[in-house]
Structure formats: structure tokens, C-alpha cells
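Let me begin by presenting the structure, written as C-alpha cells, before commenting on it.
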């Protein structure tokens, strides 16, 4: 079975800055992989790259069988992935349900999916008809989670999925992730909330200075690499 | 010694919605108090109220001796508090150091304070001259933390201070908070990252549905109240 | 593609319904511009009546600028661009959808301005068919070109200021054509006006096709 | 207070330095507006020359709109408003600072537009002292009123569209006064112009004082 | 800058530069002395020998920009990107020159610096389009990078020439409906020395244009190279962060 994500010495530039300076990463289909690393390491950039939103300046990147060095393939990949990022991409004026409906429909979701997604994220009831701009931070987060859920992506890219959520919000995320994986999806997430994230993940990859290998570049997959200078090592947890 | 924060049945409306529906809260000077509670409970609103940014619809609110029901006093309070919120209030076009300098100067900080704040938040070196718009989430967070630090506020209002920060970023926050308290400041923070936050705090207050008492409003201070509907109880930890 | 267009247009119009921006702000602005011209071009000189066609279209142009800016402020809201690119909507559909929404609002603006011009500048209306045809063609052209350049400027934090200088030169032919056609119609010699109307139509078709094709490439860039 | 004003003005001008918005976008827009008028008001009728005073000020007005919008887009960036309210800067200082920055940019715009009008509309310049005095007074007035209303619109996500209809009516006296003064100066009877210039001055002083005092209250309305 | 010598010159360009210099001198001679004054316009006609060529070069430039943008959209190769920018920058200079010489010429000829002549109007609009294009390009240069950058600028560049044409003809048509008497055009069939001088002017300014374009192109190219060679260094530096990992540095 082909790997969901396969990066080899992938380099991505933001401006002139190589935010990703040679990433080697393999994620098998159905796997849950956690990206960890210091601020500015390149986790968000890596996730956006895997979503086909950023060009590959050097090296190779294959996601769900799409070769990202080819713009056309990158574009066709996008509708198959779901990205939960720092920015939500919600329309402030519209209500929670309107937002979820719009983004869901855009990806061809059925009404049931949409209603289901709203319910699953605890957004039915009062909140459903509230304009997004009046939501609390966590409620916004739940809304974009619902949008992602409604799209039923094959590859989940979660940027700090637990951030801003309360306790059962976090349990909710874990539950959704597990269910998605059972349904055949693959999950790649970045988080600083290590206890929870590591518990959730099958495997931990450490990103530092835009590389998956602490220090020397391009030294093959580094899933069990020593997590240079980060408290708990990036050991591979196999549940 | 007067309490830093004293709320009695405080009610605040966002639009028509009573985001705060009767808050009773006492924070002694030099104390570190943690607000916890589900999403949408009203934590952020409460912090903004304590910053003098929101009007008190009912009840009384006294912060650092300023009676917030009086607009003029509320306004004069503001320069004495520092708020680290969901939104950063940074100028994207300006560099990190320009931002910290501007907000620091605005509050009458000396150049040493500003340089010190930058260094303390690990923003010297490359990052200092980077435009804010090109920062990573955590780096932004660090920048607004530096702005707050440069202002040397007497009351620190921290909304999810650990969110988005890496491990030593979080240690950094804890260190800054402790030092601030030693310097005589008071800290009121809201967080979902309970393990860390509870370890940092002297006392935990649970906010649910806009009240500090789960259920009936205005039932006196509830510092040791049962944390209705939240996983781990809001027990009072006294270090 | 047209399904996507409908989806996007519907979304934009729903947002308009909730925020009432066009209704409560763009339309009053239109009237204001007319008044400003009235104030600036001392009425006694009868300039207003004679130049009403031109003034009408300048006013429309400025309102269009406002409407287009608004249409892309919506999208520029945080991460909206990435969201659109991931959405799975066909770029062509997005383009048509937003263009339709903008056109709808412009039509309202033009209707109001027309009434305003007649009332305030005392213009007699003649050659209605030409007038209507011109409005339709011009609106389509402005909406198409506006959407194209709007998305160019969207996401930049200098949107408000960059859009005008990108868009206005491009729209100047529309201004010329529409003004000429209107003058012909109001001057009673509609025959002179139709060729201008044709120019407008070709302009509109040109930008509609180009936009539908090129929009994907545009969205792709981040 | 003036220290704060300097701080804020300096910050705004530094941002302008980095983004070059006025230089690369507002100024070309000014020229563009002149051309649009030229295109819309058929030049041969000599309307342009006769109405150049009015057109000049309408153009300035639109550019001012752009500049003010830009000045508050900067502040509206996320949470900027709360930050300002907590900053400890004196509201009066913030007001003066931003007004100063805006005035500086408007002056550049007016200089360019003046040259443009002279060249394109073939206006002969007479009564320079009155012209200059008018520009100074009008600029101060626009900057003051603009800052005042700009902060009202800032932070609202409908800024682009709301600001114009808040601001333009307020500025219409400036438009009238300045136009009249210019016509007088260009018409060669400067004497008729000075009273208008006086009106502008009072307008400016009025808004400057009011703004300095009321800005605090305005920052409140979030 | 990683250029061997701090110059973008080369034998070829120096030859070109020399030629255009010599040509300018020759043109000066013809324009100011050897060519006769015009019956209608007297000596003021001599500006034409600068004015008309600059105008033509301005249009050539924006044609090149459009071509380069199109090619860049297809090939995504740096060269085209740089060329587009270089042509636009040189073009804006020539457009300005055309505007200035034109209006200077207008003074004696039309008695005004400006006339709503179609070519004038459209040239000015062209000028602003170029400003917009360059502004956008600057933004893209900041926010973008070799691969993703310039989509906006490229599209605007692609539309540049078509737009100029549309504008030009609509303006032309607009004015020609009732041609103004103020403009007393030389009858196009100017002959003899004048025609030769005009042609010479066009040729010479063609050389100058090419010379400027090449140099601007090379500067742009070197900047690109700096970016590219800088990349390896930047990569190492970035990876080095891993060593001192931890802080946001």
C-alpha cells in the first residue's frame, strides 16, 4: 500500500527564507503522525506544503499519490485534504451552520454529513445560528473543525488541534481522529501539547530548523531521530 | 492590603448576550489566579472586563482600586494592566523590535526595558528585524508577550498564555510570571492547559456559563466551588 | 462549474443580506457622489445637465470600486484564501459566482443613480433601450474585470489602495463607451450609441472568458 | 501629549516607508481621477477648465478617503484597537499623531494634483497666497475630520464602505469652501476668497480641538 | 553581490553603448542643424525626433513585458520573470520621456502643455498601468519566491499590452468622433531629411532602449543569482538552528 505522504529533502521558501530546509518524511496510510518542535521550526509550513498550498523548491514531495512538484497535480490534491490551521477561513458575518454548510457543499458533502458534523462538534443548538464573529476562541476552533469534518478529507492536517479547546473539546478531537482513521483517513498533526498529542499519535517526528533531522541535512527518514534540545525525546510510541 | 481585583455579581453584555452573568471574584495583590472553564464560559470576556475594556452592566467591579462602573476610572486603569489576548494587536508591516519599541515607549518604558523584554522572550537576533507578518504563530505570541513585558504592568491578564508556545516558551512564561509576582504584580490568567496552568497558579477559579458559581449567580466568592461539568475539579491548590 | 458559481454567489448575497453593506452604505455613497458633483460643479452653469452622462458613469465607477473591494474583503478575512484554494470549488465557478454577486449589486447602484441623476441634474430620459443595453453590458464588463483584479489585490494588506490603480485604467474604456452611448441616447441619436454598446459587450465577453480561464492560476498563487 | 503624537505619527510614517502605499498607489490614483474626469466630461466643452477648482477638490477628497482608510486599516489589524486603548497613549496624542501623518500624505497628493490640473485642464494659476492658505486650511480640516471619523469606522469590518458615507457629508463644507476660495483666486478676485479660507480655518480648528478632546470617548466605542 | 566585477557590462554591451552614444550625437546633429525647420511648427518640430521614438519604445517595452509574462506563466523560468520587470522599468522611463517631450512640444504647437489627444490620454493611462504593475511586482517580490512568486504580477503583465491596446483604440475612437481643430498634425508624409532624421531617431532610441534593457535585465538576473546562491547558505544557516534548537531563534 502506497504511503500517504512521502517527502525527500523537501525545501520550501517563504520569501527568501527556507522555512523547510530538507524534510524527509514518510507517513503510511492510516497512520497518525505527530510533528513536534520549537516555535518557528517549520511545522505549519510543512502542513501547508502537504496540503499542496506551497511549492516545492527542491527535493520531492508526494502526497496521496500526487507529485507536488507538478502544479496541476498539487491543485487536484487540495480537495482531498483537510487543513485545520491557525487561520480559520470562516466568514465572520455568516452563522456557524451557514459556514459549515458552505464549505461542506463546496466539497460536495451531503446535508446529512453537514448536520452530522455540526452535531459531532457540539455546535447544534444556540451556537448554530450565531454569527461566527461573536464566537469565543474555542467555539471558532470547533466550527472550523466541523467544516473539516464535513469535507470528509482523506488526509487530515491538524495544526495544534487541541489549542484553545476545553477538556471535552480535546476528547472530541481525539475521538474524531480515531474515527477518521478507522474510516481509512491518515492524520498528520503538529502540536505543542505533547502529553495529549503523543498519546494520540502512533509516531512522533521532530522538526527543528526546517529539517526532520536535527543537524546534518538529508539523512533519510528520521522518525526515531533524537529530538535535539527538546525536553522529552521524539521517541516512537507504538500503542 | 487591598485586593487587586474584586468583582461582585458583575454582569457584562456582548451585544444582547450576557457573556458574564454575575461574576464574584477576589484576587489578592501578588496572587496568581487561574480561570478555567468550558469554551464560551466567559473567561476572555472576564479578562477584558478586568482590563477596563468592557462596561459593567450590573454589579460592581473594582480593579487596582479603580471602580470600573465609572468610565473615567476604567480608562485610567488601563495603562496599569497588561492583556495578552487571542488577538495580538501587532503591526504586521513593522519589525518585531519596532513593535515592541512602539508599544513599550507608548507605556513610557525605557530603552533598557525594551531591549530586555526582547531578549527575555528570545526575540533578539534574526527575529528582531523580521516583519511581524512573516512570524510563526508562536513567534507572534512571544512578540506580544515581549510588548506586555516592556510595559511592566501591575496586573497581568493572560488569556491562554501557554497556547502556541513550545516547551521552553512555556517555561519562559512561567518564569516571567513568577518574576513579575516577585516584583509585586498580580496575575489573572485563563487557560485550558490545566496541568501547567494549575502548577503555576496559587488558586483556581472555575467559570461556567458566565458565572463563577456553577448555576445560581451572585452566591459570594466561589474560589473553592465544585467545578460543575469540568473533568478535573476546580480544587484550590495552595503551594 | 455553474453549481459552484451559484454556491459562491448565494454565499456572497447571504452575507450582503446579513451585513446590508450595499444597501446601507454603497447606495448612500452613490447618492453622495452625485451631490458632491453638484456642489463642486456649480449648478448654475448648467454643466450638470450637459455632463450628466459622464458624471453618472464616474459615480458608478467609484461605487463599483467600493463594491468590489467589499467583495474581496470578505474573502481576505483570515485564511479565506487558503480555504478557497482547498475548498474543491472550481476556480472558474468562484470567478463567475463573485462576478454575478457584484453585478447584482452594481445593478442596484445604477438604478438608484439613474433616478438620482434624473431628479438632481434634471436630465430627460430618451432612448431607453440603448440606455438599458449599455447598463447591462457595462455592468457585466465592470463586474468581470473587477473580479479579476479584485482577487489580484485580495489578500494584500494594501488592497484598498492598490485596487483602484490596477482597475481604473482598465475600466476607462468602459467609462468612455458607456458615457458615449448614454450621451448618444440622451442626445436622441441612438444610432451613434449602439457601436459603443457593442464595444462594451466585447469588453465584457473578453474579460468573462479570460477570467473564467485564468482565475485558477490566480488563486493558486498565495 | 505631543510626545505621544510624535510617537504615533512616526510609527505611521515608518509603516508608509515600508509599504510605500501613498507613493506608489495613492498618488497615481490622484492622477487617474483627473484623467477619468477628463474622459467623462468631454474636454472640448471647456468644462474642465471652468470647473477645474471643483474637480481638483473632488479629486483631493477621493484621495483623502483612500489615505484615511489606509491609516485605519493599519490600526484595525487584529486587536489593534484594544491595544491602543490599553497602550497608555493619550487619546489626544493618538488623534494628533494620526492626523499629522494623514495631513503629510494629503499635502503630497495636493501638490501633485495641482500640477496635474494646471497641465491637463489648462488652468492659469493666480492668487497663489490664497491658494496656498486654502490648501493648508483645507488639509488640516480634512485630516482632523478624517481621523475623527476614521476611528469610528476602524475596527468595523465594513470600514471600506462605511467610512465614505460617514466622512463625505462632513467634508462637504470643506469641498464648498475650498472650491469657492480657489475659484476666487483663479478668477483673480482673491478678496472674495479669503472669507471662505477663514471658514476652512475655523472648520479645521473646530475639528482639531474637538478631536483632541473627544478622541478618548471615540476609542471607547469598540 | 556575487558578480565577478561590479559591473553588468560586457564587450557586447559596451559596443552597444558606444553605438547608441555615437547615434545620439549624430541624431543631435540632424535634429538640431541638418534637418530643416517645419513650415507649420518652425523649429519646435525638432522635438519630434525625440518624442516619437520614445513613444514607440514605450509601446515596445510594454509589449515585451506582456510577452515575458506569458512565457513565464508557461515556463516559470527566472529569465522571463526578470525580463518582464526590466522591460516595464525601462518602459516607464520612456513613457515618462514621451509624456514630457510631448507636453513640451505641446506648448508651442497647441499653445498648451496638454491636450485631450487620444495618444496623450492613452499614454498617460499606460504610464499608470506600468506603475501599478511595478507596485504589484514589488509586493510579489517580497511575499513570494522563485516558484510561487509573481502570479499576480504575471497576470497583470499579461493583460498589460491588450489593455493598452483596448484603451488606446477606445480613446482614439472617442476623440475621433469630433476631431479637435486644435491639433494641427504634420501631414504624415513628411519627406527627405525630416523623414530620415525621424527614422534615425527611432533607430538610435532603439539602441538606447536595448542597451538599458540588457543592463537592467542583468542586474535583475544577478539579484536572482544572489537569491539562488544565497539559498545554499540560507539552507545551512536554517539547518544550523537545529543545533541550537529550543528558543524561537
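As written, the chain order gives the labels A, B, C, D and E, with residue 1 at the start of each chain.
Here, a residue touches a chain if its C-beta (ideal position, glycine included) is under 8 Å from a C-beta of that chain, and two chains touch if they have at least 3 such contacts.
It should be emphasised that the depicted structure is a prediction, and the values quoted were computed from it without experimental measurement.
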Count of contact steps on the shortest path from subunit C to subunit D: 1
Identity of the chain that, by mean CA position, is farthest from subunit E: B
CA centroid of subunit D to CA centroid of subunit E, Å: 33
Distance between chain centroids, defined by C-alpha means - subunit B, subunit E (Å): 56
Distance from the mean Cα position of subunit D to that of subunit A, given in whole angstrom: 47
Chain centre separation (subunit A, subunit B; CA means) in Å: 29
Two or more partner chains touched - positions in subunit E: 125, 128, 131-132, 135, 144, 148, 171, 174, 246-249
Residue list for subunit A, restricted to those that touch at least two other chains: 14-15, 17, 37-41, 54, 86, 92-93, 230
Contacts with two or more other chains, residues of subunit C listed in rising order: 19, 77, 157-158, 162, 165, 169, 172, 176, 220, 222
Touching residues on subunit E, where the partner in the complex is subunit D: 103, 112-114, 116, 121, 124-125, 128, 131-132, 134-135, 138, 171, 174, 178, 180
Of subunit A, residues touching subunit B in the complex: 14-15, 17, 37-41, 44, 86, 127, 134-139, 141-142, 160, 163-170, 192-195, 230-231
Subunit C contact footprint on subunit A (complex, rising order): 48, 51, 53-54, 71, 75, 78-79, 81-83, 85-94, 98, 102-103, 105-108, 131, 151
Subunit E residues touching subunit A - in the complex, by the definition given at the top: 142-148, 227, 230-231, 234-235, 238-249
Subunit A residues within the subunit E interface of the complex: 11, 13-19, 21-22, 37-41, 54-57, 208-211, 213-217, 228-230
